[in-house]
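In the two complexes below, subunit A is the common chain; its partner is subunit B in one and subunit C in the other.
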Partner chain A sequence: MKIPWKIQRQTEWYLLFVIIVLSAFLTVVNPKFFTLENIFDFLRNNSFLGIVALGELVVLISGGIDVSFTAIATVAQYLMGLVISTTMVNNVLLAFLIPIPIGIALGAVNGVLVYYTRVHPVIITISTLNFYYGVLMFLTKGTWIYKFPPAFREFAKLKVVTFMGAQGVPFGFSFFTLLWIILGFFTFVVLRYLTIGRKIYAVGGNLEAARRAGFNIFRVQLFVYSYIGLLAGIAGFVHAQLNQMIQPNAIVGRELDVIAATILGGASIFGGSGTVWGAFLGVLLIAIIKNGLILMKASAYWHEVIMGSIIVLAASISAYQRKLQIRREKGRFAEEQIF
Partner chain B sequence: MQIVALMVLLGVLFALMAFLTQGKLLEAQSFQAIAFQMPLLGLLTLAQMGPMLSGGIDLSIIATANLVSIVMALSMTQFFPALQAPFAILLGLGLSLLLGILKGFFIALVSVPAIIATLGLMIFIRGLALVITRGYVIAGFPPDFLFIGNGTVVGIPVPFLVFAIFASLMYLLLSRTQFGLELYLFGSNPVATLFSGVNNRKVVFRTYLLSSFLAGIASCVMASRFNAAQADYGESYLLLTVLACVLGGVSPSGGSGRVWGIVVSVVVLQVVATGFNLLGFSSHLASALWGMILLGVVLFNRLFLA
Partner chain C sequence: MESAVNQPVSEKEPFLLLRQVSKRFGGVRALDKVDFEIIRGEVHCLVGENGSGKSTLVKIVTGVVAPEGGAEMVIDGKPYSSLRPFEAYRLGIHVVHQDLSLFPNLSVAENIASHFYLEPRSFVDWKKIRKRGMEVMEKLGITLHPDTEVRKLSVADQQLVAICRAIASDARLIILDEPTSSLTWKEVNRLFAFLRELKSKGIAVLFISHRLDEVLEIGDRVTVIRDGKKVGTFVAQGLTRDELSFLMTGKKLAFTREVMLQENRPEILRVERLSRTNQYHEVSFTLRRGEVLGLIGPRGSGRTEIALSLFGLNPPDEGAIFVDGKRFRARSVQEAIQYGIGYVPENRLLQGLVLDQSVENNLVITVFEQLKRRGLFVPPREKHAFAEETVLAFGIKVADIEAPVRSLSGGNQQKVVLAKWILTEPKILILDTPTHGVDVGAKESIYQSIIELVGKDLSIILISDEEQEVRLVCDRILVMKGGKIVKEFSPGTMTEDDLRQSIRE
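Then we have the complex of A and B:
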């Protein structure tokens, strides 16, 4: 297990380096990029992606993958919106608590299906994505929700620290960024110090070995898919707060940004490795690239080409590192066996 | 075993759909619609079959088919209208092989897992299609091209013939050639296959090349049937091709599944899809049902057939 950790750290340093170079470049193009105001704004706007990326990280470490979390976030968010807009309960904590059990329940369904069918999680989660999202769209006909109680509207402006801008417009460190950091720290503790976290690495590193060592694979898979469900629920709340509007089709379709960010952050597509710090940097890099494309006025049509290339490139690097690792550990012939 | 189960399922679903649509499914018009629509799903499913037999998946077949359609459409309507359909088709199939080489390169040579590689390439290829078309539809093809999707030969729809030819070729390729045998072997146990002296990378490379080529053929039928090409046509087909493969007895972990299973399961799905259409289901309800059916089939296979 020692070598992957080392590679891991390298990946993160490369990433940090790329982020710094890109930021410097963007600052030269547009000096506004590197102001405290823009950075805070940037972190606030990407807290949704950042939070779900933490969930995807945990699933990837366990050797799985989840593409249905966008549908889970949408369903959880929409049900929350329905409840608070019809009852007009003026309490944000209550609103925050609604999407969580929904997210966990829908995630748990994925976990159970992945374990029992033993079919690749992409097939399972594409099916549940279609199912959750299809049912929601069918029942709601895509109606938007934008009538929220006042407390819910005020809460979005909550800042942990507030500064006064040059034009007298206050700006600051958003509560949602803090939430992202807290959840990141929580995920870090789960992965690093709790038994379940170590089990997730073990299952992702070698499922068969973990099974023979007596680990309960079902419990681990149920945990990881419920965990991303939980984070998707919270992220659904954050998304509704940031936009002050719930559109059923706003989140679905962004799965790949999150998966790309997590893989870029060094989480292995083969399972068994990945860190919270890497996932954080991965989200930043994807966000900076997207921001940069807009700043440089690249046509929106090129975004997909560039995102696709990034995913393929990041996955290729991940595959190449694994190849080198196998060659080092088992010799040249063994690398032919990695399919 | 599987074929009997599938035939029973087909009979039951057919009766159910006929009942639900109050007999509309039994009208000649519906049969004709099925015969014209089934080949597209069938060809795309054949494209999905090879990768799934190898234990992988190709998420980029729809994107590939769309990009090929667009290039054929541009060739016929703007760049080489004088050269007509045959040249456009050659150009399109050439492009599909090129995309196959790209997929094969990342999956077989760089060893990126097929799911991630084709996911990334799906976005990349769709992105290219968007860059070329700017999201617009390219429409209006010459009559000889439209014949592929809409014509009939002695009463048999041409797309149906195309599907029959390629399903037979696929059958021969899988059951009568060395490549077919190696593909099944690789799908069921790659390490054992390697130790039997098979060049695994070559098998995988050819699988994705074949898959892209079949996506290219499907693209001819698709563009011709719609008389148009666009970057995001037929995205709902992706889930359906996986469903058709799994329903037809292709194991998602690779190694087993026959062409006849695919053919029957495609007919089943087309009957259900036509039924949904006649019942006036929205596309969202249909995709929710498809998702549920796929999960149901996978669970059924696990519980009763494994």
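Then we have the complex of A and C:
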């Protein structure tokens, strides 16, 4: 009983189990799946998804939801692309720093709107999604950006650890995977060890109680929407790096993947619960399912059907578990009276 | 037990002293020159009917509303002309709301120590939080695990956590708003033992409750408010329930039932060896036409579960139900309504009404089908006239029947629910604790309508946890405990004390 927050976390174990079963299945179908090379590749390609899922996790815990992050990531990466392709500044750090304030600012707008209008955040963020994306499409007319300075192109190949492949092609643990893990750890620290993190859980658990306890609700909501904005900005950079191309319509439309991953990872749509570890596993599971669908050559439309079904399923399961818990509580109550 | 009861009040310095406190809301005088004091280490009860000014007084004490000029407030020896909520909080005046305002997803310790998060610190000191939680619980003799999530606790335990939280942030006066309304008797006793523990630590408790028995059991002194004026502050010891009730209403609960049921009435409902796992076991009883049958027992005794089963919401596992001699399978509400069974739920606010809809719409909701005589629509004028008529017939006090039900007083909301079900012309009406949280005056009018209904050959099952109520109103009383019927009484054969004994033992 040393760790005070150690409570039963069954969701994560189920997820891990399903991931193992699915991985085993995919390995049987295609033995290449379970090679170090493919796993590294897989983690690298999903780092965009993983990073924004961390932001969505924080918003869901606070009792909100954000669907505009894809537009935020797009706007942030596009502005970055404009700057570096016109000035051709040969500095990746500078490129990395551009989308961050943009993301935070656009996220903060969501936070302000959610707090002051008291309109449901789904409505607010669908509106800002369309607003941000619409303005960007109007101004850019959908033009792609693919002319980057050399440093920006070289950086994409950066690996933390490098191995030599069988055919003499080097592969390794990507920097972007590391970034994902670092941000995951950072988010964990925010949620567990920072006062603001505990307030996020408190607000998501019981908003009225948080208000009565004297917590500043505005600060909490501003923080969570800015935080997902920040991560969307970083993810925009990662996405541009991975694809070496910026298309205004590449990211928008992937909201459901991220929301499905976080809910699957145990974050409640009612707010108040969710863990970084769960969100990580949720992203892995979604990615494995998508990978499997590709291996089985399923149509892209099926991907959307599957994502939709997963959300309904995951949300129903958590609602059902809640019902069971209430029933168990009632049973206990009756027993106490009898014996 | 050491208490302030028999000591002259002036010998102890009060923690809180109010003089000549008045408050108007619009044209209504909510409080009129009220003097009030609370001494350290006393349990002070505040009673009054709904709308008497109790909650206004509490709001003034907690700084939510300011009193009118001329008022004097002395807290902990210092005078204040008005208070802001955070000032009151800082002075140690804490309210434990009826909804408890806890964070269900956080641990016991974190809930208790949540005031740490108001300090300007960025990092969380988990050791300190856990230590503080344990300290406070230990001091007050509570043995809950500090790491348990609060949502996994019973309501009673959650309440203790809420009180501990107030203590942890240095509460000197804890205001408990209807704290016993969702507790079993066992849990109420535990709460009272806990409050005595608080007293011994010099903490004052302001206890607000409709349950006069409990007020007299736990209170050192009782302040009675009626129509915004203070009737007086009385030493609880030696006061009787009837006296207190009289002080509250200015009238006696004059209700007596004259006509009792004849033995030879035909049977309308027969329940045979009905069981449902974990809820109730082999329950058998009958109900006759025009009878009021009381079903009394503590929460969790199975009384509400049986009622839900009779209304088709909680299908029994075994046994049989016969309505008018016909087998009733109790599989759905529609079926129950067909058999002429109506149910007025326990929590009228949650289950009985669509709060944001108008009184009119709430009234017609159960009889919509009958009202559309021709075609698909109910003519608005007809609907309106029908609702007006109903409001009049049931004595519902409402200025405008298009006002949302939310704006009505508790007693009137109760009447709307009652009316809604009676309009369906049921043969059997189940009333689940219909006077819960209702004041004496409104109680009497509810009793009156029950009697009128059985006069029209309706049969009623009255679920209650008040001995006085069932004794006054019912023809026969079944006592439930642990999912079984343990005793049957007819009112002539027992006193209230007998009844209380058989429930609590």
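One rule holds in what follows: the second predicted complex is superposed on the first by the 316 of 339 C-alpha atoms of A that agree within 3 Å, B and C clash if a C-alpha of one lies under 4 Å from a C-alpha of the other, contacts with A are read in each partner's own complex, and residues count from 1 in each chain.
One rule holds in what follows: contacts are C-beta pairs under 8 Å (C-beta built on N, C-alpha and C of every residue); 3 or more make two chains touch, one makes a residue touch a chain.
Note that the coordinates shown come from a computational prediction; the quantities given were computed from them, not determined experimentally.
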| field | subunit B versus subunit C as contact partner of A:I182, first or second or both or neither | value | neither
| Touching A:A209 in the superposition: subunit B (first), subunit C (second), both, neither? | second
| task | Would you sort A:I311 into first (subunit B), second (subunit C), both or neither based on which partner it touches? | result | first
| query | Between subunit B (first) and subunit C (second), which does A:A24 come into contact with in this model arrangement: first, second, both, or neither? | reply | neither
| task | Considering only touches as defined above, state whether A:S273 meets subunit B (first), subunit C (second), both or neither. | result | second
| request: Applying the touch criterion given at the start, work out whether A:M164 contacts subunit B, subunit C, both or neither, answering first, second, both or neither. | output: neither
| query | Of the partners subunit B and subunit C, which touch A:W302 in the superposed model: first, second, both, neither? | reply | first
| Looking at subunit A, which partner touches more of its residues: subunit C or subunit B? | B
| task | Determine, under the contact definition given at the top, whether A:I259 touches first (subunit B), second (subunit C), both, or neither. | result | first
| field | Contact residues of subunit A, present in both the subunit B and the subunit C interface | value | 336-339
| query | Where on subunit B does subunit A make contact in their complex? | reply | 55, 57, 59, 106, 110-113, 115-117, 119-128, 130-131, 134-135, 186, 190-191, 194, 200-201, 204, 238-239, 242, 246, 252-253, 282, 284-292, 294-295, 298-299, 301-302
| Residues of subunit A touching subunit C in their complex? | 1, 4-7, 192-199, 201-202, 204-206, 208-210, 212-215, 272-273, 325, 329-339
| message | Help me check something: in the complex, which residues belonging to subunit C touch subunit A? | response | 86, 89, 97, 99, 101-107, 109-110, 114-115, 117-118, 121-124, 126, 129-130, 146-147, 149, 151-152, 154, 184, 278-279, 298-302, 305, 481-483
| request: Name, in rising order, each residue of subunit A that touches subunit B in their complex. | output: 65, 113, 116-120, 122-124, 126-131, 133-135, 137-138, 256, 259-260, 263, 269-270, 299, 301-312, 315-316, 318-320, 322-323, 336-339
